[in-house]
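Structures for review follow.
Okay, so subunit A shows up in both of these, paired with subunit B first and subunit C after.
Right after this comes the complex of A and B.
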């Protein structure tokens, strides 16, 4: 082995990489917020009496869960591009990850909803609560606990998926910044090792804060 | 002031479980409903507060047609408390919060008012020590007493009990029956679906014997339990006593 490690340039680039990490986090958070919103709609559509709605929801969920996330992002950028719809890199990546998140989370929510026994609704209704009230006050809080950890996992997954933005030309997220530094210096190992540590810390930060939140929220 | 059940029929799909039941429960009365499993007793209770639709006949609560077109069931249910076999505690709320929830959100009471009501009702069922505890930390009997307090917190005019001791360990049955006994002593109107024949005999003004979706005998306990006339009643009592 005749490779000499040069860590100093990598550490000098740390501030730039941290700014990139902020963009990474931004995309992940946005894709989760949008993902949750679409997932709720998908879960409702999947349970709706309209066949077309059910079919649309099912296709979304099936595609999102059974094709590579990379392809989903690629399609949002180049696929739509060839149809004349040109999204910029940031939006295409966000759309791709949101699509993926929504597919997985829709299944999570559907499972969570099923895990709350219907007798809970019955008990709530028997106390004079309306359907919406029973859902909001009795079903939702219990469902939230059930989906909390899967939601956390999806958030970690979303952070890691943002690295795929590099294939659609995103250059200001953590991977984009790292790749730029790499092509200018060819210190591939050093830059990517440092980036990996930052990804690792972001993921750990999410998991640990989720655990702390769960401990505060779920006392039962 | 009464619950009037008039020739009620109820089917699940092609299976008719209630086949023309007529019975009136007057304010202040305690009526026990006894009978074998699958005789339609519990289903009838669910129909009384509109949790289940009916196929024919009608049920009037204080003159309001439960299954009528314009009936506001949410409003009607405020005056009909029900306690289920599976106690259905809300697991994400403490004992106190379980009981406070409906007074706050349904009756619109302030937090302080709802808490005062809940503390009072929980004291009645002997759970004053458990206010801040989550239901998972309670025994079955305690959860069932909490469910009774939760129903009472709405100040209902009627209380329906659906085999409330059936899912309990034998040593926990007594504490729940004691609570119901004290309620009846205070003049609460109650319909009690139960397998506890001795209890039915002791607290009821009248006992109704259900068999295959119909009332076969109804009358004072001394008559229906003490001196049954129909062969079905005699057979049933022989099997449970």
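Right after this comes the complex of A and C.
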């Protein structure tokens, strides 16, 4: 082994990489918020009496779950481009991950919805609540409790998926910044090992804060 | 603008090229799943029965593979291989990283399957005169398998989809082969759709099978 490690340049680049980590977190959070919104709509559409709605929801869900996330991001970046819709790499990455998140979370929410007994809705309705009210005040809180853990898992997934942005040319998230530094110095191992550590800490940060939140939220 | 959807310079050879890429994807998946499952079963059983001072460090190490993007793992492993002077092909590096990655998830699946077997059932088996080994092969294995198999199928499909990232270290698999064709004929939507269709066809039937198994086995519980 005749290789000398050069950790100093990597540590000197740490501030830049941490700014990149912030962008990573931002994309992940945005994609989760949008993903949850779409997922609830998809889960409701999948349970709706209209066939067209059910079919649309099913094809979104199956496409998102049965093709690689990278493929979905490619589609948003290169595929939509040939339809004349030109997204920049940030938006393409966000769209790709959101599409993916929504597909996976829709299944989660469907499971969550089914786990709330229909008698609860009937009870709420007979107490005089409207349909929306019953959903918001009775179904949602119970569903949220069930889907919370899968939701945090998906959040970690979203963080990991943001690393794919570099492939469509994103250069300000953690992987993008790291790759930029890498092509300038070819200290691949040092830079990427440091990036790996930051990703690990980000993922741990998310799981720990989720655990804390669950402890605060779900105490009886 | 839409003319490219109907007139294409995509040839039969291009399709063959992409199918060859799909073959590489399947080979990567095969080795990753084989290695990942073997390691996962070993680690999973260890995690289920070992005392905490074995269990906790093993869990922490495996957790690392689940908390770092696969892309970063691939790049780090690939450059590390060069540093220590191993002459592995990118394909081998991809297989090894994917196998470790899969083993990290598989361990948890095996462990939860193992722990899903009620202690009372195992005690009953032992008091009926079954040996420790018989208890494992005749009681724990069948019950754990039912719990674990659907998740294992899901994981396998997940790994199959994650092989798409391996092109970053220089393996021409399905997605990369479609990129190569896109660069030549400049019809990204069409070529990518074909790649997506191939992925879908490889994944969807097995996903369905997994869902069916899960449902059928649940009815008997």
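The rule we apply is simple: the second predicted complex is superposed on the first by the 218 of 220 C-alpha atoms of A that agree within 3 Å, B and C clash if a C-alpha of one lies under 4 Å from a C-alpha of the other, contacts with A are read in each partner's own complex, and residues count from 1 in each chain.
Definition applied: contacts are C-beta pairs under 8 Å (C-beta built on N, C-alpha and C of every residue); 3 or more make two chains touch, one makes a residue touch a chain.
Predicted, not measured: the structure shown is a model, and the values here were computed from it.
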Quiz item: Looking at the overlay on subunit A, is there a clash between subunit B and subunit C, or do the two fit?
Solution: fit
Self-check item: Degrees between the directions from subunit A toward subunit B and toward subunit C, using C-alpha centres, nearest 10
Solution: 100
Quiz item: Between subunit B (first) and subunit C (second), which does A:88 come into contact with in this model arrangement: first, second, both, or neither?
Solution: neither
Practice problem: With the two complexes superposed on chain A, say which partner A:160 touches: subunit B (first), subunit C (second), both, or neither. | Solution: second
Practice problem: Applying the touch criterion given at the start, work out whether A:120 contacts subunit B, subunit C, both or neither, answering first, second, both or neither. | Solution: first
Exercise. Between subunit B and subunit C, pick out the one touching the greater number of residues of subunit A.
Key: C
Practice problem: Once the structures are superposed on A, label A:193 by its partner contacts, choosing first (subunit B), second (subunit C), both or neither. | Solution: second
Quiz prompt | Distance of closest approach, subunit C and subunit B, by C-alpha atoms in Å | solution = 23
Quiz prompt | Intersection of the subunit A residues that touch subunit B with those that touch subunit C | solution = none
Self-check item: subunit B-touching residues of subunit A, taken from the complex the two chains share
Solution: 119-120, 122-130, 133, 137-138, 141-142, 145, 218-220
Self-check item: subunit B residues touching subunit A - in the complex, by the definition given at the top
Solution: 49, 51, 74-75, 77-78, 80-82, 84, 86, 88, 90-93, 101-102, 105-107, 134-136, 147, 150-151, 154
Quiz item: In their complex, what parts of subunit A are in touch with subunit C?
Solution: 1, 3, 62-63, 65-71, 74-75, 78-84, 156, 159-164, 166-167, 175, 188-189, 192-193, 195-196, 199-200, 203-204
Self-check item: subunit C residues touching subunit A - in the complex, by the definition given at the top
Solution: 1, 4, 64, 66-73, 75-76, 78-80, 83-85, 157, 161-165, 168, 175, 179, 182, 187-190, 192-193, 195-196, 199-200, 203-204, 207
